[in-house]
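What follows is subunit A paired twice: with subunit B in the first complex and subunit C in the second.
Coming up: the complex of A and B.
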């Protein structure tokens, strides 16, 4: 059947794809059967026909702009030490579905660059409520919260399994570079520029300080003005 | 004297059954004989159902350039086991307003009716459960029970979709039962018997290497095609699957069935398809007879199941190709094309019987069928103008 039809096709007898009233009784059905037979046999011959990606074994490369749920960025090795978050509550207030819960610390702890900062004692995100809108990321002044790309999040418990705590949310800056390289490079450049500016200002202030020192009262300890 | 090995292989199941039954006292032998055959039929065809579901899904997948099920077991071939476990562990929901008893009875009756039909099918030499002298009649009578089961399911569910589906199914099945029976009448005319065993025996001879199958005559070929079209409609398969119509009436008469009862409906439907395919093989394709005289050394039951698998493959192919018909198209096709063609076919078979054999008989009978089919299809197309569709609002 296939052979006959392909010969006929090459001779231009059948297989013209214009819409036309079928001339021979049952011709349309035979054409359809030939087409499905071609697909059936072709799928065994040509791998190109089988376009389905066999997901757990095969994966398509993820596009860079993909985002799913937020995570907390930390610098350095220790996640508790390097957490950029200073628990300013902006993201908690801005979050439209109110899925973020933060408790601020009473003491201060040096951050990755050694500057004493407040830190969140509790930082929870309920990802069963989160709608992946990225507003927390937009509003964060410290580049502390970013969007993750992990989507294989099935869990056995729909309550505690989907309420992520600080430890679960903390991911390294290297991870951020891996999932969003362009964006992370821009953020790092911005942070470095900011730090350089602060350092320059501090240096200028330190140089100015000895000159004005006799006239002013003793300075407050460094870091407490923030 | 022992028979030659070929014959031994052919009759292996028959002799095995005789030997097993022989151990029992005479009093129980006849009933044990029947029970053994019934168990064999139930096991073999239930297994065939399981294999068919996975083959069908894989075949349809390939037709659509997909893999089909490929997760459970090697290449997905344990899928039926997973499906069975799933349907057994699912909750069996019955609507509160449903007629509980009838709702329960419908799938059971469907499966029983489907299995009853196998009693008269000769699946191999000396391998018919009973040789009724009205075997074909019995087959069609039992086949009608399916309609009853379908309407019981549709009516007892108290759901408008299931009732709609059941009414569609009844209308369709009764309409197509007429051409189904009329298409098989030509074989009964030629064989002069209603016994399925006698009909197969008529077709076991060979001229040279060619078999005496009824499908190799003009009326037999036309009858076979008409029978298969009617059988497709009778077993509610695509393109005549509008009693189920997933996209319109959400599974039709078995919308209110879940779990194992749904699986029973599924089983009954496939068993009905195998049974009508088996009857088509018996009537037109020589039953268990080999297609060429030099292939008779292969056991007869293998030929029957090879033919059955071929028919199933064609059913799957058709299902993967054709879209569902509309109700009016379905009915028009049954009454305006199928019915006249089967009647003409009966006439052609009569002409064949009374004409002397030769090329002229062939030509006359073929012309008797081709010309009306052509004219009928042309005539039915009159007044139907195919034109580019115009949209009022969506332009």
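Coming up: the complex of A and C.
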């Protein structure tokens, strides 16, 4: 029962798009239904028409650049000793919602390469406030804080369960290599280059003035991890 | 006894009709699924017809502007993601543009191209999702929305592999972008762009000539040219009313003057025109996207002179604006030479567009309000800030 009528005239409206004005009534609906049917039947034959996966049994591969919450990188085996963070407070100051809390040590302890450094006695991130913006990562001159990719973080305690301390935040450099291989390789290369440069400088300084103490390494310019 | 407030009346007598018809005051929202977020409309009904409509917003107010005045310039960038959370990359761009104007920073060529590519992808996915939601509001429950989201997911995958996040991208920086395109990203994007015409045809066939859709949208919520201009409406809604005003052509910000693209215009300013303008804008976005993907040069992605920390622009003021998918999004900044802006103001396209809601709805049925609101395309994150 298809009645030919001009929909435009019927409604007293004309419009200036390149769509057909004169249609068989019901044709547009049928066209749309044909499209739906094509997609429905297509989902049985074509993989890319069937786009959902049954999480958590099935998982899509993780995208490398994905970021979620920050973690503290440590070198070597011992997380206490190997933390790269020297507690400079830069990330605490730059974090937009101010969810990082740091307390600096009064003494220096040797880090993973044996250089005496300050270390954070307390390093807390309140991940219920953190908005995963990555600004702490960008501003840290020591490549000490990076973004993790773990997203299954539900906890029974919304206070202490979401306030992560130093121990919870510390993750090894291997972990960093596993989740962001390209970025971690670039960071390692940069760090090695910096270390070689400071070593060379210290050596030159030692040769020129044997009594002088080795200069503290200049901070890596922010943003150099790119 | 002194009543602190006016007594709440459910039924009120019509002041004009002298007992003829009774008006019913209904509060639509803020938890109504059709209000696209926490948005309330106080409507006065005469039967099924709208007599008065008062938009009430502020439920999602989170003090963005004041917070930004206490943040560093960079610190506000992740907050701009959360304005219109569908289009974080264009929000980033508008803010970056304002700061770049303020501090006189140049953007390298490659970064300009990346900005255009991401902005047009953002526009594409915004319009696709909007059409999905609009038709959902009309009762086409799910199908168009799911088709739109299928493409949107792929775009978000592209965003994620570039910026690390699907929606809260925090990607643009003053003088460029945060990271360069990862290896293979351009090829992925090109492959994806090649599949989009098929999607657009499908999407158009799905609904554009659907009689029910036409009956529900043609002649509904007519916004006249004059009223649209006077109310400060911008974006696809303004263009659906036939006003040829697109900042990409008017301001030529970034490098939009290098691309050939057309501005789709409506004629009647009704809901159907707003729907069609968006459908056609998606094609033009794709057009720009293809040109940008073809021409993108190699080079640096950020001005090496700009600092991440200790950024202090000289005292002055600047207004940066772009054609966001929903209209003109502008950031007005005043610097007093300190690391924090003295004044930070967002000119939100959604909020300005929302002001015409009453005009569009009066005399229509309740069901049309839902459709009209859907066609205005609001995101409460930006309306309330």
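Just a few scattered comments:
Quick note on the criterion: the second predicted complex is superposed on the first by the 158 of 226 C-alpha atoms of A that agree within 3 Å, B and C clash if a C-alpha of one lies under 4 Å from a C-alpha of the other, contacts with A are read in each partner's own complex, and residues count from 1 in each chain.
In this text, contacts are C-beta pairs under 8 Å (C-beta built on N, C-alpha and C of every residue); 3 or more make two chains touch, one makes a residue touch a chain.
Only a predicted model underlies this, so the values are computations on that prediction, with no experimental measurement involved.
Legend: residue contacts after superposition of the two complexes on their common chain; A:29 is shown touching both subunit B and subunit C. Touch criterion met: A:37 reaches subunit B, while subunit C stays clear of it. Using the contact criterion defined above for the overlaid structures, shared-chain residue A:139 touches subunit C, although it does not reach subunit B.
By the touch criterion defined above, A:100 reaches neither subunit B nor subunit C. Residue contacts after overlaying the shared chain place A:66 against subunit C, while subunit B stays out of touching range. Of the two partner chains placed by the overlay, only subunit B lies in contact with A:50; subunit C stays clear of it.
Which of subunit B and subunit C touches more residues of subunit A is settled by the count: it is C.
According to the touch criterion, the shared surface of subunit A, contacted by subunit B in one complex and subunit C in the other, consists of residues 19, 25, 29, 32, 35-36, 39, 51. Touching subunit A in their complex are the following residues of subunit C: 71-72, 74-79, 82, 143, 147, 150, 153, 157, 160-165, 168, 170, 178-180, 182-183, 202, 205-215, 218-219, 266-268, 270, 272-273, 276, 280, 307-309.
Of all residues in subunit A, only 19, 21, 25, 29, 32-33, 35-37, 39-40, 42-44, 49-52, 54 touch subunit B in the complex they form. Remark: subunit A residues 7, 11-13, 15-17, 19-20, 23, 25-29, 31-32, 34-36, 39, 51, 63-67, 90, 94, 96, 131-135, 138-139, 147, 182, 222-223, 226 touch subunit C in the complex.
The touching residues of subunit B, when paired with subunit A in their complex, are 59, 62-67, 317-318, 320-322, 373-374, 377, 381, 386, 388.
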